[in-house]
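Note that subunit A is present in both complexes that follow, paired respectively with subunit B and with subunit C.
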Partner chain A sequence: MRTSPRVRAGQYVLLAGFLLFLGFPVLWIVSASFKSSAELNSLSASLIPNEWVFTNFTEALERQNLLRSAANSFLVAVCTMVLGVVLTLPMSYALARLRGKLRAAGTVWILATQVFPQILIIIPLFLVLRTVMLNDTLFGLILVYVTFTLPFTLWMMQGYVAAIPRELEDAGAMDGANRFRVLLHIVFPLLRPGLMATAMFTFVSAWNEFFLALVLLQSPELYTLPITLRSFLGAEGQTQLGPLAAGAVLATIPSVIVFGFLQKKLTGGMLAGAVKG
Partner chain B sequence: MKKNHGIVALALLSAGTLALAGCQQGSASGGGEDGDGGDGAVTLQFQSLSDQPGAQAAVSAAVDSWNADNPDVQVEILQAGWDGAYDKLITQFTGGTAPDIIHFDAASIVPFASDGYLADLSDGLSDEVLADVPEGIWDSVTVNDQIIAYPSTMQSYMVFANADLLAAAGVEVPTGDSMTWDQLREIAQATTTADVYGLGWGLGSPAATVMTLAQGFGGDFFSGSGDDVQIEVGPNELEVPERIHQMAYEDASLDPVSLTQSGSDVLASFYGGTVAMTVQGSFQAANMAGDAPEDLNWVTLPPLAGSEGALQAANPQTYSVNIDSAHVEEATAFLNYFASGETIGAIAQADALIPASTSAREIVATETGGENGWDQILASADGLVGAPFLHADAYAAWKDTVLNPALQQYLGDQITADQLAQQLTEGWG
Partner chain C sequence: MSAATAAVATPSARSARSRRSGGPSGPRQRAERREAIALVIPALLPIIVFSVIPLAVGVALGFTNATLARNATIEFIGFDNFVKLAGDTAFWNSFGIGIVWATSVAVLTGVCALALASLLNANLRFKPLTRIIVLIPWAMPPVVTGIVWRMIYDVNSGPLNAALGWFGLGPVNWLGDFSTALPAVIVVGIWSGLPQTTVLLLAGMQSIPTELHEAAAMDGANGARRFWHVTLPGLRSVLIAITSIDFIWNFNDFGIVYVLTEGGPGGRTMIPPLFTYLEAFRNREIGYASAMGDVLVLAILLILSVYIVVQFRQQKEGRS
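Our next item is the complex of A and B:
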């Protein structure tokens, strides 16, 4: 049944409206990053700056060591992503496929970890990290991020694993492949969309996280981007909106690049899975 | 084979980045630890929250100068931010990694003093430093008769006016040492037209403003200190919110929308000429000097005076010493050095805040020439006094969970003044 031109036009209008709704904050922050402080405090707000100002970017880059913080954030986010994926893959398979008490315990653990607010455990966490001399280190922060993202990624990946028919694995086994080969050549390729989703989730979570980094890192040379960007918020609620917007725009770029790269793989994986399934 | 290359690359990337991350050990070791360098020199960690470039430069200059003069006691700045500072500090103290010297503000640092985390500076600060700051401001950083911080800079609430709109309404710009609330109301009424509200007041989070200005009417709210604090919400405490409510809903001379906004949001209306006056933190004078349209003829009006005078609660920024620091004496000596009029004056000008010390205030007065509202802003400092709420341990929680929501409801005309008083009283303890 063909969609009528009117319905199709309506769909496009709705889609455009939705895109505008999603994209407007991004456009506004980009616009703000090129505006002067006076224009940002003007009643007549416009998306296109009256006068293009680039000093917000130089101020953001020079004043707050934004590049060093970006490098720290990138390092932490990539490590969290890699470690998260490496751990999630076998664990989620075990949780989805293996029957027994371990699975039940694992499921309870996943749910239990989600109900504790961060603020409740931050001091014990800090003390534990200090005991093992990992406070004020990026490595300690990475371990914490992996720990905090693991329950959700396991929960998510379990669903992907469960969706793969067991018959595929049985067929591989009947052809003489051992379990490792079955996993490597049959299961893991089909899990690529899930892995990409896991990678994106862990990367973005680590890239954006503020509170744990604030508390666990003390040395300014280790600060991640969210901490550095928050330094544009001063005492008495003063906000240096121009440099903050410029910093936010710059901070978004690596995240968007990684997201774009992984998104291609996500789509590709879904297609591959569809053919093989 | 191609897939294997991918796996190997992923593994190498993982190993490489983890190794790199593992190498990144920070330098902060915590004031509770020894802090002795290998060469015998003491290293003090100084956690600074200064966010303006000028203030950071002034802090760095003072530290560099100290380090040059004192090779045996070196100070290292740990730059941190205001956002989340309380959570960071409570974790640092609990974990024993708090720095030696801590920058914060009085209302936030006093609970740490009550819990015994801060050193008593009463005997360590020099007579010169003690005499340089008015008694009322020392009160705000005195806990159990101990001075627990050096107060550096603070803000007052000032009325900024569009002189042209006042002139158009036939109102003379008030002069003198202070301006009464009745005068403010009259000017707001006189300048209100179909297109202009007499007053715009960003009270989206009204607690700090109300508690600060309540001092002008003797609105103490609390008596006692620490855990043993009683609340009383009577006519004096309700005077400020009632007067604001009156202007918004009886006179219609105060823009009710502005009551839901932040102070910075209302500046746009002030710049655009849709409000004739606005009450702002004094630090906004610096922003106005830079951001206001060239044709806006803005002036700073005299400090607001209630029945008790032009009094406001002083909540100064503070510098404290960690009681667990291995070098409390050296850290206090550094504070004596840091408290110079030149350093505090430079920080005050960069942050557009009022210096707590007389010497720094004189320097700022000379260097600014009283321009851009500095004359009135510095004059308002005479009315800044310690307030009981600074010494109530549970104030921070009560402010967020009871005071702000109740005031928002009252200023939104949702509850009466009696209901406001009831909520504030029952919400305490």
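Our next item is the complex of A and C:
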């Protein structure tokens, strides 16, 4: 199956087009984060900064609210990750192994959460959180994030559980271990790759999330990074494009790093959930 | 996809369990039920409080006159909200924009992803570079995506207008002009959705047995014909699933458009979730906003079921 040189050339041109489309905007904002404000507002746009300026990053970090928002985002992301893993693990096992009504109900719920617009859920969610005094708190936001990532993490993890041979568990049970010992010593260690994927997925989801935080947080000192970055876009932000670009680049770095590790597992997990369900 | 496999898997699992427990409610099964409860409760509590109850309440609120004001009395008003909504042209405009936006993004992302995945599957060079470039838009927070593209589209200092300037074309106010705002926003939707769709399609392509391609090649089929007769049919169910999911996600999406245009100019990019958000949290009419949400759910279910039924019927006809 040799490909003719002309077709090859066409393929490379097309690939270059895609890479330009996907890559150029990223290069542009990285470049913008190193440009002076004079150059940013000038009409002659160039990808390589005329003079390299590093003050955008220091200026972005000196803004108290940006650092505080980053700290908020980090706290929320880590707590969501830990809670997400702790809650996903037993439930995904139950979904994969103990079939019947529970499994059917779980599947219906997972599908429903995907079809219902968040906007419909956020209104009563806001009322529920207000009733339990958790609106406008990071803890309330964490609980909501955990719940909203559960459909995907459960879906993915039950695929990993289903891939573990039952015989392993039965052997453990024969040796007299009860179900929880079997889980703790046989099943959970085998699930480590899936758990890593769950942890990274919940971290990135919480770190990137915008809409729920926008509705549920009112106090500026609780704002997460996306909310604060978005507020820089207002009248004040227009004149401060450099620090805004620097802040946007800094906010993206953790996601890209975690995602680099996650990507393969994520697609593997999606397929595992789909094929082995 | 999952429903079919689950249906196949369930009978064997059930027989395995009844074989071991020896009867419909033996002690073994009661123990199993206790274990199941212990395993499920930790996750079930937040699911019920923060997902199932809000879902049910959200649907029900559409039939009330609820507002965000504290201590407001909530009354059931039947279908009044829906009657009012039927004559609300602003909502239906927004609905139409949502359909255009979600369909365009899902279809164009599917087409682009199919092309890109074929390229990645074709033994070209620069794979590590491609992998990194594909990764970043995927990982990027939606707010940052919005910020990036606002800079790209900027009237005065944006590179897009600079490039137009080389050809002597005037600057275009991409996000501010009535005719270009929605297409410009759709391009951003494709940009952020392309990586994930590509990677999933690539995984689907790699699961097609190479023998099929080899057999087709032996029969004299060239690359294009092999793509049409081997790759595409093999990918069909994956493609249907992915475009459906892309459609739902984009129809329900909020972040990117909010950051890019906030629904402007003149409501040209006012997708339904944004419209509903403003009704709920700016006008504080959460009963009416919930009724909009109910309509959106029904619309999504209707569109999806029609699409899936049509697609699978075609698939059956194609086979026979």
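Operating definition for what follows: the second predicted complex is superposed on the first by the 204 of 277 C-alpha atoms of A that agree within 3 Å, B and C clash if a C-alpha of one lies under 4 Å from a C-alpha of the other, contacts with A are read in each partner's own complex, and residues count from 1 in each chain.
Just so we're on the same page, contacts are C-beta pairs under 8 Å (C-beta built on N, C-alpha and C of every residue); 3 or more make two chains touch, one makes a residue touch a chain.
Because the structure is predicted, anything quoted here is derived from the model rather than measured.
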Worksheet item: Once the shared chain is lined up, is A:207 touching subunit B (first), subunit C (second), both, or neither of them?
Response: second
Item to complete: Using the touch definition from the top, say if A:217 reaches subunit B (first), subunit C (second), both or neither.
Response: first
Discussion item. One more residue to check, A:55. First (subunit B), second (subunit C), both or neither?
Written reply: neither
Discussion item. With both complexes overlaid on chain A, does A:121 touch subunit B (first), subunit C (second), both or neither?
Written reply: second
Worksheet item: More residues of subunit A are touched by which partner: subunit B or subunit C?
Response: C
Worksheet item: Of the two partner chains, subunit B (first) and subunit C (second), which one does A:252 touch, if any: first, second, both, or neither?
Response: second
Fill in: Partner chain(s) touched by A:37 [first = subunit B, second = subunit C, both, neither]
first
Worksheet item: Is A:86 contacted by the first partner subunit B, the second partner subunit C, both or neither?
Response: both
Worksheet item: Do subunit B and subunit C land on any of the same subunit A residues, and which?
Response: 41-44, 86, 119, 122-123, 127, 210-211, 215, 227, 230, 233
Worksheet, complete the sentence: The answer for subunit B against subunit A in the complex is residues 10, 13-14, 17-18, 20-22, 24-28, 30, 49, 51-53, 78-84, 87-88, 90-92, 94-97, 99, 105, 155, 262-264, 267-269, 271-272, 274, 281, 283, 287, 290-293, 317, 351
Item to complete: Sort out for me which residues of subunit A touch subunit B in the complex.
Response: 37-38, 41-44, 63, 72, 75-76, 78-79, 82-83, 86, 119, 122-123, 126-127, 130, 135-139, 142, 210-211, 214-215, 217-222, 227, 230-240
Practice prompt. Please name which positions on subunit C make contact with subunit A in the complex.
Written response: 1-3, 5-6, 9-10, 13-14, 17, 32, 35-36, 38-40, 42-44, 46-47, 49-55, 57-59, 61, 112, 115-116, 119, 122, 124, 126, 129-130, 133-144, 146-152, 156-159, 162, 191, 194-195, 199-200, 203, 213-214, 217, 223, 245, 248, 251-252, 254-255, 258-259, 272-273, 276-277, 280-281, 286, 289-290, 293-294, 296-297, 300-301, 304
Practice prompt. Quick one: which bits of subunit A touch subunit C in the complex? Just the residue numbers, please.
Written response: 1, 3, 7, 11-12, 14-15, 18-19, 21-26, 28-29, 32, 40-45, 47, 86-88, 90-91, 93-94, 98-100, 102-103, 107, 109, 112-125, 127-128, 143-144, 146-148, 150, 154, 179-180, 204, 207-208, 210-211, 215, 225-227, 229-230, 233, 241, 244-245, 248, 251-252, 255-256, 258-260, 263, 267, 270-271, 273-277
